[in-house]
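Below is one structure, written out as structure tokens; comments come after it.
All chains are identified by letter, namely A, B, C and D, in their written order; residue positions are counted from 1 within each chain.
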Amino acid sequence: MTDYNPAELTVVIGSRSLQDGQIVFVGAGLPLLAAVHAQHLHAPTLSILFEVGGVAPQVRIGSLPRSTNEARSVRRSVATPATIDMMLFLQRGLVDVGFLGGAQVDKHGNLNSSVIGTLEKPSVRLPGSGGANDIASSANKVFIISYHERRRFVEKVDFLTSPGFLDGGRSRENEGLLGGGVEKVITNLGILEFDKETREMKLVAVHPGVSVKEVQEKTGFELLIADDLQVTTPPSAEELTLLRALDPERRFLKAGEF
Amino acid sequence: MNYREARQQVVDKNKGARDKRTTLTEAVAMIRDGDEIAVGGLLYTRTPMGIIWEIIRQRKKDLTFYKTLLSFEGDWLFVSGAMRKAVTSWFSGGVTWGVSKWSLLGLSLRFRAGAMGIPCIPTKSMLGSDLETSAGLKRFQCPYSGEELLLVPAVNPDVAIIHAHAADMYGNAQIFGPPCMDGEIARAANKVILTTEQLVDNEHIRDNPNTTTIPFFCVDAVIELPFGCYPHECYGVYEPAYAHLGDYGEGLLKAEDKTAFVRDYLENYFYKPADFEDYLSLFGVKSLLETTRKGRIWRL
Amino acid sequence: MTDYNPAELTVVIGSRSLQDGQIVFVGAGLPLLAAVHAQHLHAPTLSILFEVGGVAPQVRIGSLPRSTNEARSVRRSVATPATIDMMLFLQRGLVDVGFLGGAQVDKHGNLNSSVIGTLEKPSVRLPGSGGANDIASSANKVFIISYHERRRFVEKVDFLTSPGFLDGGRSRENEGLLGGGVEKVITNLGILEFDKETREMKLVAVHPGVSVKEVQEKTGFELLIADDLQVTTPPSAEELTLLRALDPERRFLKAGEF
Amino acid sequence: MNYREARQQVVDKNKGARDKRTTLTEAVAMIRDGDEIAVGGLLYTRTPMGIIWEIIRQRKKDLTFYKTLLSFEGDWLFVSGAMRKAVTSWFSGGVTWGVSKWSLLGLSLRFRAGAMGIPCIPTKSMLGSDLETSAGLKRFQCPYSGEELLLVPAVNPDVAIIHAHAADMYGNAQIFGPPCMDGEIARAANKVILTTEQLVDNEHIRDNPNTTTIPFFCVDAVIELPFGCYPHECYGVYEPAYAHLGDYGEGLLKAEDKTAFVRDYLENYFYKPADFEDYLSLFGVKSLLETTRKGRIWRL
């Protein structure tokens, strides 16, 4: 079964990266799909948190929220804390995994969702951090989901909205940040992690049919390549069938760039 | 707002359990040009749209708005001239604005510090990011643990505007589902204007005190305003008017002159209607019924 | 009508000192009686706060709580915030009046409810601050209710649990404290206030039949005496009748020392 | 408990929605001698007495107890040898103890800072008092306002012990009436032991999420324990056994050797009963019924 699109593949890998029992802070779209997919397939007690104030909501299949900040995201939650208390769960260490994306990600896993260009002369103004900085700062670990293209994967983000490993090495720890930082970057081309010492991005797996050369070409900085580079196991029929049932209108699982 | 002055305003005001029912017009007249306004809800959840609508209609000027996440209402406030500055962690309108300088926790903490009556509060968020520098935050070393932290300054807005599910005439306000930051902004602000889906008797409040998010002594004006968040949602009562917002968003995206597009929208939806019920009539009975039917998310 | 006891007189004066519409933080016993008395007689919208977490409770006549920290103190409240949020109303300036007592009060209105003697060699260990320090620090104004005797009214408290005007003069403001400090001390002998400059205790009224000499003798420091010293208006029949109905078992309105 | 270590313990533990039902005996076995314990409720409201009872029976040693206001249970913990130190703002037992070093807000803020994951928090309370010096507090100047404040250090206890009105098997806990500091201590602590008047289905929790004070991922053990605060009160369910507490208090007051008096009480009420139901039987059916009848304060 090979008729899956990049968004579907990415979500399936996101789902596989989650474990039963984890507390996961997600945004709308692909991360939410990955979390709900994991719940239904292999992680029944995985619990979702949304910044609007829902703890472990039961998101309704076929009626996924468009944003994490609306009633549908809170459906049948076990608790509805104030926004600040949702975000403070992160600061206290209670959130196992946070999912993030961004307009730019750099070689140390820093994210930009604020502005392309400079603050003084912006070429594109983006919405801003929302809870992204807080997740990046304090979630126990972070998964980034991103479409892989050269203008997104940059040497250095124009504006550092959400910290990855900052300037690499021990700089994240030296700033006093609490969370473990980015563990994994999942894209439509492969999976990337970070070198333990330099905290530079390293390609650890390519998806079926994707070459290292292609990944490097679509990356705006020099990638490290893992010695034991893997090839991703493609989505199974079971994984795909479930996934498509979750988003029957293909609102999020579009064929092109996501 | 200076820390001591914000306290003094609260000290000096009559906080008693008076009948605070009034009209949207009279309540919004309390807002002065140049005021700092904190907005309840989050993104398009429980936005106090009726109050925003009236602020725009009264042609208020030079206001600063604090809201955790801003939606389309940001555009409306900007283009109408009511908003000089938005302080937010997220803003995805269609018109030109500044850059969001805060993280969601960072801004939420500013409200909490204001509510707690302290001038600043420490956090581990935003450290080492460009938010730290662009917001001009100060660092601080905890004398007990040696930990490095950021300090975020409290906000004590002049006025908080909030929409609650139920409130009595004294201003005791109850919220169903996520309270967002409404409990905090009500205590942080020096005045509170409250709209509510329904006015209830004080005895009803006393029967269910656990869900009172805002006590009466924070509140200065209460207005019963059904569908007061429209076209945004009121949790468990009605969902957003997605169709309307979708059309609006698409129109905005396509518009060459986005400001003109928003001006046009303001003209039709804000300035022309005679009153708020006239405004709701523009959406129509079918929209109100459909969003209400789908809004009972709790049981669906 | 002169058959009232010192506790009754004190409560009636406490009641008269309150105004309609005020938000009042009270403890159990005489302060609570004063507040409920005022509500029934002349201040129908006066609202009571208790530290356990009750906003504007409707305390049941004849079933007064023994402590402010129990269910009876929360009866039919309009809100039941966490303890910390009750105390933070003070810090934010939302509490008009706080009522306090203590084992010792000194000439600057400082209170001791912690220890008689020294921390190292205590002769009597007292319960501690509870919320008293917070009320004294941050209520917009404070009324002290105290039985008047030489061992209570001391030059300087052994342990400063709750700040009055500290060392007098501007010392309270200089420490950065927010609240206005002690406005009035109500005792079984008279009413005392504080000199605007030196913040020393000043006798402003004596109760009927009480001499200045008696008050001074029962005070462990030199009292200032107001030029226009008043004599308190004794409790009216209406005031007394209501008061006695509030505490029919005379649990708080005992004849002797209170 | 070191700030980073407290965080790491929470990071490392399994926070999943498992079935956490267990026995009082097994739950209290999680507590190690020398641990720091935060106690829910306030004075004699919603004291987790069943857990305290079991702690004493298991002859735990050298524990430090944090509680906003301590009642008689302080004597019981001291005399039994379980408590080495009490950190409180108020303690009115009958036996020798130290001096309460905190104000109620001060100690509450320590819990809140712990819950927020920050090592300290500023306040305007305790300034200039002998509490400031005896608690060894550090001052700090707010860099934004210039205000002088005190900093109180966070507490992250090893274990929080809490009694809730209702909880499901995952540990989602609902409290009726004042939550006291229970929401904060649950998040501040590294582990939480929870007793509840009644276990309820998870669907019941999801029907009423607004009253969930403690989310499951903070909780490690859940025990259904009706009358679990006895002889203290559980708001709206039963009032304190005033007659019993009155007799006890009078006996203590009269006793020449107060420690012996407390030992005697412990022998009869704590060590002798075979289990918690046996303990409740000492109070008797009439006491349980009377306190329950009077405890429905909400409607009386």
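One rule holds for everything that comes next: a residue touches a chain if its C-beta (ideal position, glycine included) is under 8 Å from a C-beta of that chain, and two chains touch if they have at least 3 such contacts.
Everything numeric in this text was worked out from a predicted model, so none of it was measured.
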{"item": "Between the pairs C-D and A-D, the one where more C-beta pairs touch", "value": "C-D"}
{"item": "Distance between the centres, which are taken as Cα means, of chain B and chain A, whole angstrom", "value": "29"}
{"item": "Distance from chain C to chain B - Cα centre to Cα centre, in angstrom", "value": "39"}
{"item": "Where chain A touches two or more other chains, by residue", "value": "76, 80-81, 88, 90-91, 138, 178"}
{"item": "Multi-chain contact residues (two or more partners), chain D", "value": "117-118, 123-124, 147, 149, 177, 209-210, 298"}
{"item": "Full enumeration of touching chain pairs", "value": "A-B, A-D, B-C, B-D, C-D"}
{"item": "Interface residues, chain C side, partner chain B - complex", "value": "20-23, 45-47, 55-56, 58, 76-81, 88-94, 96, 138, 140, 178"}
{"item": "Chain D contact footprint on chain B (complex, rising order)", "value": "2-3, 117-124, 138, 140, 142-145, 147, 149, 151, 153, 175-177, 207, 209-211, 298"}
{"item": "Contacting residues of chain A [partner chain B, same complex]", "value": "51-54, 60, 63, 66-67, 69-72, 74-76, 80-84, 87-88, 90-91, 114-115, 119, 122, 125, 127-134, 137-138, 159-163, 166, 171-172, 175-178"}
{"item": "Chain C contact footprint on chain D (complex, rising order)", "value": "42-45, 68-69, 88-92, 96-106, 108-109, 111-112, 123-131, 134, 147-149, 177-181, 183-184, 233, 235-236, 239-240, 242, 295, 297-298, 300"}
{"item": "Complex contact set, residues of chain B against chain C", "value": "7-8, 10-11, 14-18, 115-118, 168, 170, 172, 187, 202, 205-206, 209-210, 212, 215-218"}
